[in-house]
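You will see subunit A twice below: alongside subunit B first, and alongside subunit C after that.
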Partner chain A sequence: MKRPKLLNSKNIAILVVLAIAIVLPLFLRTNQYVLFLATTVLLYAVLASAWNIIGGMAGQLDLGAAAYVGLGAFTTGTLLIRFNLTPWVGMFIGALLAMGIATLIGIPLFGFKVKEVWYALSSSALVEVFRAIFMMWNKVGGPTERYLPFSAEGPRSWYLMRFNTYVPYFYIMLALLVVVFIINHRIRYSKLGYSLLALGEDEDAVEVLGVDSRLCKLKALMIYSFVAGLVGGVYGCIYGYLHPSFFSTDMSLEVVILGIVGGMGVTYGPLLAAIFLVSFREYLRASLSGMFPGKGLEGLYLMVYALILIVVALFQPRGIAPLIKRGFLKLKSFVGVK
Partner chain B sequence: MSTKVLKVLFVVVMVGMMVLSACGPAPTPQVVEKQVEVTRIVEGQVQVVTATPEPVQKAELPKEIVVGVVQPLTGWATVFGQEGVIGAEMAIKHINDAGGIKSLGGLKLRMEVEDAGDKPDTAKLATESMINKHHPVAILGMYISRFVMAASEVTDREKVILIADALVPQVTQMGRQYLFRPGPTAWDHGALAYKFVREVAADNGVELKNMAVLNEDSANGRANTLGATEAALMDQFPVITALEYPYDITDATQIVQQLKAANPDVIIHTPYFNDAIVFGKAFKEVGYWPKFLMGAGACGYVDPASIEALGETAEGLAMTFSYNPAKNTPTNKKFVEEYVAKYGVIPTEGAGMNYYGAWVLAEALEKSGQMFPDDPLKPENLRAAFMALDLTSGPAVESYPSDHIKFDALGDNEYPGVIVLQVQNGKPVVVYPKEVAEAKPIFPNPHYKP
Partner chain C sequence: MTETAIQGIITGVLMGMIYALIALGISIIFGVMNVVNFAHGDFVMFSMYLSYVLGTALVWDAVQTPLLTFPILLIFGLIVYYLIIDRTLRQLYVVQLAATVGLQIMMRAAALVIWRGQPRALQYSFIQGNFEIFGFQVLTSRFVAAVISLIFIAAVAYFMNKTWAGAAMRAASDDLDAATLMGVNYHRTYALTFALGSALTAIAGGLLMSFQQTDPVGGIRFGFLSWCVLALAGLGSIPGLIAAGAIVGVAESLQVTFFNPQGRLLAVYAIFILVLWLKPRGLFGRK
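So, the complex of A and B:
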């Protein structure tokens, strides 16, 4: 399959969305809440898009995103607190460390052909293991939060990657999302991508054809963990503290849900899922949680959110991306564009 | 357009947008005060003259004053958050029933509630959401210290007063300008727990040789323990064991076995809620009780929900609290009676702290109306009113454990009050300080066997 040109009608639509995203903060500068929400949407979109490489393409149900996010956050934050190293550098060191750990774990896991539910369990356990390690490792983690230094404005604020507004974080996440999109696009139409897609369908058949499935999966895991580590570095700066609760199985699960609901293997699927689900969950939380104060109905929004996920799983098992694609094709034929 | 050009263009646009974003919001114009001193040079001489600028335009007051309540209403800390909402709701009702804020023409308060969730991240998001949607003049909450620390970054940026009901000393040590804590610190709790045990032991003629400290491993647990340990060290009283555990512990028998082996006369324990129940059951299961098991930090053991969960085991357990349900004043009696009538139990920490927290806000609003009649709700003015508060009477003091509320430069009350509740006949009763006690403390613990 030939790699499609970068400037086709689909990518022009993506560029339009990107242009809107770029100018969005100019209109929302004073609305920090919406900016924070938009940044969170992008953060999860980056993670889910990176997961798309290992989960969507290679078909590995990886539940370890938060382990790499946590490693990135702790490395970046600790380098800042201890050695005053700017997070702009620290986040790459964190990402490399996350990738290194992922490689060390990936080699035996893929070497022993741990896959499907066993791979999911192993990667999920990784998050808990790191949480326990960092909870006990008092020199770096420990049960008490470590707060990152803060400067409201000026060059120091940029050096610390700690801002009084979410606008810079929004652009950092947007830039990361574009990079992950390009990586996804490149891989999708490379030998590695074809191998990953094929082994996601039938690993044994792919091996018969002479593809080193272990190496392919390892490469996918390394790219995914590197991106998650980068996100972790920024994540720590956004929230301004470090705590072992960053190694959260909830976060890992959320990433996987977004990847699946978006549409496995579809590049823009996780972004769509993040936009819909993260915003919708926050909308439900913000509107329902305080509606009945003291009536014990504060968790109602979680029930509604769960119901929506069930409905999507039942009626749109291939994710929401195909639905959007159909709509996009109809729009194209309506406008008359080939 | 080639792919390369497109990529370069994209990078340039992205970098440009990031630089633009760093410029920050446009500076807001400074409001001119009533009189200003102007330095000018007249015939080579520097002169300072007083000038009266254009009269300041009186700010229009809203129809109601919005008070945000952000509390953990889902997740592990729900039990505290729900109480907090109820306390704030009842206080706001009482404030409005009493005529609202008189210096602001009887303006009424309106409560808006948001769920802070179970993590600092969610607390921060909820605070952003609350400020964006409802524009409150002040926010009450969020009980868990690390939630307050994360959210106070937002409230300070937006210049919204945050009245915190969290105990960790560091909460007010982060340089926040709009954060006030009427209640005591965890350090105060720990120190009082120690003082109470020593005094009551002496009163009952029981000799105490040493103690152990035990706490959940968050900043709250550590701060309480630090307060107790420092007080003991000042007395040269031996602390023979110090143990920590995660607050989501599910089995405490091993730790209780360790305590049994150390066999201290007293254990000062700082739990949250679920872990207090886990430990209470573990002490019973192991069959070990020290001469006194003293709680610090105003969470489990003595609150109605813990008593219900622990049953007979709760008898004799004691805990320090930042609110005195037995304070015999008209405001407090009204609050407790209504609370009991509605919920069947007495209000404890979360409800009490938010009740007097809301009253402190009402007093500050009242003061701001007197000090700054032109713009009483301007954040800087309201903050100045908080700093100027020196309350020795009125509803806020009537529901506060001590008889004085005055904020220091950090935003802490200079006169914090802590009391001790003990479970007696299945009900929590105030046993310390002696001058406000409802009953004499039971000492040693009724389960203790020499």
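So, the complex of A and C:
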């Protein structure tokens, strides 16, 4: 099958959404909260789209997203604090470091055929391990927050990637999302993509056909960890501090939920899921925070997330993307467009 | 120095028996049904909270609470099996894993909502205190917990080897089709297996509550610890499980004694990774 053109009717629809997204900040300029929400949605969409490569296509349940995000954030932030290196460069160094560590772990892991639950466990433990390491490593991490330098105005603020408003972060995340979409699209219809998809169904059969499944999985892991590291660099700048709590199991789980609920192997699935679920979470946080003090609220939305994940896994294992596609087609035939 | 080390080893081995009991639960579920219950550690956390609730309401000692939590967890296991696990048996394994990951999040979230994420502990148990063997201090609570764990591990071994239901479980584990032809109703066998595996966490939860507190995130730690024990032990060997529990317990305890208590999972993770790389079937595995 040939790779469909990047500009088919579906992608044009996506482009229209994108155009709306680009002008959105102009209207929301005054409302920083909505902008922050939109940035968070995009951030999670980027992570979940990257997860789609290793999780959705290759069928490896990777629960380590937060480990790479945290590594990216700490590398970028530490380079800025110690060596005054701008995050625009630092985030790429952080991403390379995250990718390097992922590769170092991935080579023996895939080489020794660690898969299924053991892969999921080792990746989810990675997050906890990095948190423990950065808690103890007082020169870089430690239990107190490390604040990044801040400058409100002018070129200095651009150099530090720290802004008064969320508008620049929104555009950075949007750009990342577009890049990840293009990567996803290109991989999906390449030899690597077909190998990964087949891998997700039946690994032994793929090996028999002469595909080096280890190399394919490693490539998927490298791309995914690189993107997560990049996101991490920006994540640190958005929050303005570094703390070992960046290595958060909840974040990894959320990425996986978005990936699965959105539809595994579907390029635009994670974005849809992120728009619905992340804004729902923020809505709950904004509207119910008075009723559930302490960590109760966190539990409440986690509960809803978990319920959605279970229901999707049981009744709609392909995710919500096919449902939306069907609705879209119906709408098309209703309107009378071919 | 050596004395501290031996002291650490004693504590570790005793803790390891509880880990072995927890791991026995996932071991039979994974071994018989080939189902991965990612939420197993959170079952432990849930049992601990349940012990706390019953212990405070009835003014019972933590060690007594499994009398009630065991049947509750048994029923809970049955409900979870029929609601979730039974429907995922024929799915892709990613979907299966995702369903139990959802269950894990659900239980942790419930603990956050109900108990506001605060750690809870019971009154001092009547098995607190310590005694001395060859000049080394042994905590009575850990010792009693280890002994009770071993008794239950032995009981499960007896059940698996000597009863009809146990034989059905082992048959379903070895060859599902042949077992079905021999008249084993695999849905019922699976349900029983899952319920039994879950109910074992009630015992572990009650024992753990006699000397430590519980918090919602603890489930992740117990889950990882018990999977590590299982990775080390391999499937199908109960003495192997006990040995693996002891190894993991000692590793954790020595890490806490000699290095940094904050990194208590590091030693366990190191073992886990090494075992996965070098001995993917565990040190004592049957299959």
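To be clear about the criterion, the second predicted complex is superposed on the first by the 311 of 338 C-alpha atoms of A that agree within 3 Å, B and C clash if a C-alpha of one lies under 4 Å from a C-alpha of the other, contacts with A are read in each partner's own complex, and residues count from 1 in each chain.
Note that a contact is a pair of C-beta atoms (placed from the backbone, for glycine too) under 8 Å apart; a residue touches a chain by one contact, two chains touch by 3 or more.
Predicted model, so just to flag it, every value in this text is computed and none were measured.
J.: Applying the touch criterion given at the start, work out whether A:153 contacts subunit B, subunit C, both or neither, answering first, second, both or neither.
T.: Only subunit B; A:153 stays clear of subunit C.
J.: Under the stated touch criterion, which partner chain does A:331 make contact with: subunit B (first), subunit C (second), both, or neither?
T.: In the superposition, A:331 contacts neither subunit B nor subunit C.
J.: First (subunit B), second (subunit C), both or neither: which does A:302 touch?
T.: both
J.: Is A:145 touching the first partner subunit B, the second partner subunit C, both, or neither of them?
T.: first
J.: Kindly classify A:32 by the partners it touches after superposition: subunit B alone (first), subunit C alone (second), both, or neither?
T.: In the superposition, A:32 touches subunit B alone.
J.: Give one of first, second, both or neither to describe whether A:109 is in contact with subunit B, with subunit C, with both, or with none.
T.: A:109: touches subunit C, not subunit B.
J.: Should A:178 be classified as contacting the first partner (subunit B), the second (subunit C), both, or neither?
T.: first
J.: Does the superposition put A:135 against subunit B (first), subunit C (second), both, or neither?
T.: So A:135 meets both subunit B and subunit C here.
J.: Taking the stated contact definition, name every residue in subunit A that is touched by subunit B in one complex and by subunit C in the other, in rising order.
T.: Shared contact residues on subunit A (touching subunit B in one complex, subunit C in the other): 135, 293-294, 296, 298-299, 302.
J.: Looking at the complex, which residues from subunit A come into contact with subunit C?
T.: Touch list, subunit A to subunit C: 55, 59, 61, 63, 108-109, 112-114, 116-118, 120-122, 124-125, 128-129, 132-133, 135-136, 200-201, 249, 253, 256-257, 260, 264, 292-296, 298-303, 305-307, 309-310, 312-314, 317.
J.: Once bound in the complex, which stretches of subunit A touch subunit B?
T.: 6-7, 22, 25-26, 29-34, 36-37, 40, 135, 142-145, 147, 150, 152-153, 158, 164-165, 167-168, 170-172, 174-175, 178, 239-241, 243, 245, 282, 285-286, 289-290, 293-294, 296, 298-299, 302
J.: Report the residues of subunit B in contact with subunit A in the complex, numbered from low to high.
T.: My answer: residues 1, 3, 6, 10, 13-14, 17-18, 20-22, 24-25, 69, 73-74, 78, 82, 85-86, 89, 111-115, 117, 119-121, 124-126, 128-129, 131-133, 146, 149-150, 153-154, 157-158, 174, 217-219, 222, 244, 246.
J.: Would you mind writing out the residues of subunit C in touch with subunit A in their complex?
T.: Of all residues in subunit C, those touching subunit A are 36, 38, 84, 87-88, 91-99, 101-106, 108-113, 116-118, 216, 220-221, 224, 227, 231, 260, 262-266, 269, 272-273, 276-278, 280.
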